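Consider the two complexes below, in which chain A is the common component and chain B and chain C are the respective partners.
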Partner chain A sequence: MTATIRTRMGDGHAVALSRDDLRRDLVDGSQEAARRAKIPVLDGADIDHLAEIFAYPGRIAGVEPGHEVVLTKDGCANTLYGGQMSSGVGIPLAREQGVRLMERAFGFDTMEIGHPDYSFKPAKPLVALEQLCMAQAQLDCVVPLFYGAMPNMGLYFRPDGPFANPADLLPDGRIEEARAAQLEAAARLRDDILYVSRAMDEVGADGIDIDTTASAGDAEFLATLQAVEELATHTDLAIEVGMATELVLGFHGELDYKGRRLAGLWPHQQLAVVEQAGAHLFGPAITTKTNKSVPWNVARACTFVKECSRVAEIPIHANVGMGVGGVPTVEVQPNDVVTRVGVALVEIGRADGL
Partner chain B sequence: MSLCHALASGMGGIRTTGDLVARMQLRKMRLPQAKRFVADKLGLSVADLADSTLLRELREELDIGVVTGVATAAKGIEAKARIANLLGVPVRSVDRLRQKAGP
Partner chain C sequence: MPDQFTQLREVVIIGDGEAAKRLTAEMLEVGVAPREILEAALLPGMDVVGARMRSGECFIPEVLLSARTMQGALELLKPHLAEGESAGLGTVVIGTVEGDLHDIGKNLVAMMLEGAGFGVVNLGTSVTPERFVAAVKEHRPVILGMSALLTTTLPKMRETIGALREAGLRDSVKVMAGGAPVTLSYAEELGADGYSANAAMAVETAKGLIRKA
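Moving on, here comes the complex of A and B:
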């Protein structure tokens, strides 16, 4: 048994922890989440199990046989042909080929079609091309295929969009104007999500993955929930809602969905309104703190996700991309901790998928 | 990174039964219920659902798509039509094919 455990910080750099340090980080990370969201801390058995996962000396870890989970993947095949800004590896292949690779060579359970910018706004004027790609891929593929995109409401504000930018208005104290601009943008965003999603409905997509939701705060979350409600009522598309981070920011501050104030919602509370809107899968996102160890971050993420899993009526697919779920914020991911993050969120967080 | 998760935690897609369990999750089934549903339909134990050796043969026997290139095996939409029948659930692209194929 080794005296120290080699793991990593949230920025990916290697660090050696004593067993006492490891346990302290696990307990502290869980307590931090519990204190903020007023949810239970991980129990002693959970902490013991996490300690085992991180103390295991192998380069990579895996779930116990029988504990495997379903994978959904935001961005999907885009990471094969994309560039550095998306951690893409720049292979010259079409996304249709990428989807087939992810299905047949890499064993993914589901796949996605997505615009290279992965946002609803730029996908809208090209939706006929997006439909073609989806329709053809549906003929070729066996696994369920989502259309994936981010709400990314920031694209609707000047200079990228038509509406006044709240980031310019708020520092001047023009709060009502900033709120009005967010509502205008949210209405346009909701319409764009519906436009693209209905186009995917026409060509037989299995579902829509609305990813990185609420990145621009509560107004973006409201637009998404309204779009989800409409799609769940009038189509039979499966809808996955993945979040941007663990706390919905109140850039507007006074918005609610069916009486529930959106600003300040924690993952298990986000889940409640997402379920209420009619979504089929929920993806909690817990932002990784780069100045804390991966064990600290993973214990924190597991605490949030375990509470989601406890109260959920729909499957929970925890976000485990770069910078969320305890995965380090670093361009080239270290396999040692990435695999441990997944194992922990499945076996301690009780996630239904990743 | 996504391949790390596929190897460490994923069900294995069409190597095993990952696509089938995923289809039940798209109908709001939590993981244990989705696995039990698929296992019952295939006559397997839940523990067998991610066994690639077992599923390679069974998927070819059921003709629901196999991971290797077998010319005579059902491909893409053909496999999904059989999966819809096997699971007893609608698959949207298969419904579209039937609509396009006409009466």
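Moving on, here comes the complex of A and C:
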């Protein structure tokens, strides 16, 4: 038995922890999540299992047989042909080739096609081209294909969009104007999500993944929920809502969805409104703290995800990527910790997919 | 029915400016001491708002509404305070350091400090060490706040602290440093007295510094 456990910090730096330090970090991380979201801490058996996952000496960790879950890929081929600034590896290939690689070489169970800019707003004027790509990919693939994009409501504010920027208005004390601008942007965003999603539905997309939701706060979340409600009612699309954040920020502050205030919602509470809107999959996103160890971050993420899984009526597909879910914030992900994050979120967080 | 202190505290928390002015005026009219109104209603109200922001229960727009409410009530109190008596927690001089034109975060901090009961002298952006020193001489603040967004302008914070020292003013004022690239360890290395990672914590840090002083 080794005296120390090699792991990493949330910024990717290698670090060696004693067994006592490892256990302390696991307990502290879980307690921090529980205190913030007022949810249960991980129990002793969970902490023991997490300690085993991190103490296992192999470089790569995997779930026990029978615990395998659905793996999906956001952005999909973007990760192959995108540059490093987009977390890609810069391989010159077309999206259609990338999708086939993801399915046939890497074994993903579902995936999505997305515009290189990966937001609904820039996808809208090119939606006819996006439809062609989706239609061709549907012919090429067996796995279910989503169309994926981010609401990214920041693109609707000046200088990128037509509406006054709340980040300029709020520091001037123009609170009512800042709130009004967010509502205008949210209405336009909702329309764009619907426009692109309906176009994808027309060409046979299996689903729509609304990814990194609420990055611009509660108004963006509201626009997404309204779009989800409309799509769930009038299309057969499978709808995934992936979150941008563990806490919905109240850049507006007074918005509600069917009586539930959106600002300040933690993952299990976000799930409740996402379910209410009619979505079929939920992707909680737990922020990684770079100055804490990966075990601390993973225990924290598992505490949030386990509570989601406990109360969920729809599958939970936890976000695992740079800076979320306990994965370090570093461009090239070290397999030693990423695989442990995956195992932990499935076996402790009870996630249905990643 | 809650007493007037409780009512005033509650309207500060929810950011109802009109109600705050009405209640403050009524309390002054019946002879309640302005200092008591400040310390037993307005400041405790803002303390609740700050705590809620830290716990993720309320956010910047609501904090700003409460700050504006507090300011409106303070304006009514000021004429009734004894000469030389501070209307709040003292003065903060704040600015973005020389070469840096970013002011969103700094202005948010300024508004929230005002809302918490500090008087704020906002020097704007690209403030030279000499202007900071002159403002400290003129306004005699309890705290000097420096902000920077660019890593290239961070050294100006150190220069400003050096200029305060050369002018013999360093021990007369607490120095706070903030801005996206600033960290606690950097602030300590600079010789600042306080650092905060966000606007809400800046208020708490400022209050902590004046309690220590």
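Simple rule for what comes next: the second predicted complex is superposed on the first by the 354 of 354 C-alpha atoms of A that agree within 3 Å, B and C clash if a C-alpha of one lies under 4 Å from a C-alpha of the other, contacts with A are read in each partner's own complex, and residues count from 1 in each chain.
The working rule: a residue touches a chain if its C-beta (ideal position, glycine included) is under 8 Å from a C-beta of that chain, and two chains touch if they have at least 3 such contacts.
If you're wondering where the values come from, they're calculated on a predicted model, not measured in any experiment.
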Original post:
Putting chain B and chain C on the same copy of chain A, do they fit or clash?
Top reply: fit
**OP:** Please work out whether A:Asn319 is in contact with chain B alone, chain C alone, both, or neither, and reply first, second, both or neither.
**Re:** neither
**OP:** Classify the contacts of A:Gly250 with the two partner chains as first (chain B alone), second (chain C alone), both, or neither.
**Re:** second
**OP:** Please indicate which partner A:Leu170 is in contact with in the superposed arrangement: first for chain B, second for chain C, both, or neither.
**Re:** second
Subject >> Greater chain A contact set [chain C / chain B] >> reply: B
Original post:
After lining up the shared chain so the two structures overlap, which partner does A:Arg36 touch, if you call chain B first and chain C second: first, second, both or neither?
Top reply: second
**OP:** Using the superposition on chain A described above, determine whether A:Leu139 touches chain B (first), chain C (second), both, or neither.
**Re:** first
Subject >> Shortest CA-CA distance in Å separating chain B from chain C in the superposed model >> reply: 28
**OP:** Once the two structures are superposed, pull the chain A residues common to the chain B and chain C interfaces.
**Re:** none
Original post:
Within the complex, which stretch of chain B touches chain A?
Top reply: 1-16, 18-19, 21-23, 25-31, 34, 46-47, 49-50, 64-65, 67, 75-77, 79-80, 83, 90-93, 95-97
Original post:
Inside the complex, what are the residues of chain A that reach chain C?
Top reply: 36, 167-168, 170-173, 175, 178-179, 217, 247, 249-254, 263-264, 266
Subject >> Contact set on chain A toward chain B in their complex >> reply: 60-63, 65-73, 79, 87, 102-104, 106-110, 138-145, 203-207, 236-238, 280-281, 312-315, 320-322, 327, 333, 335, 338-339, 342-343, 346, 352-354
Original post:
Tell me, which parts of chain C touch chain A in their complex?
Top reply: 55-62, 64-65, 68, 103-105, 107-108, 111
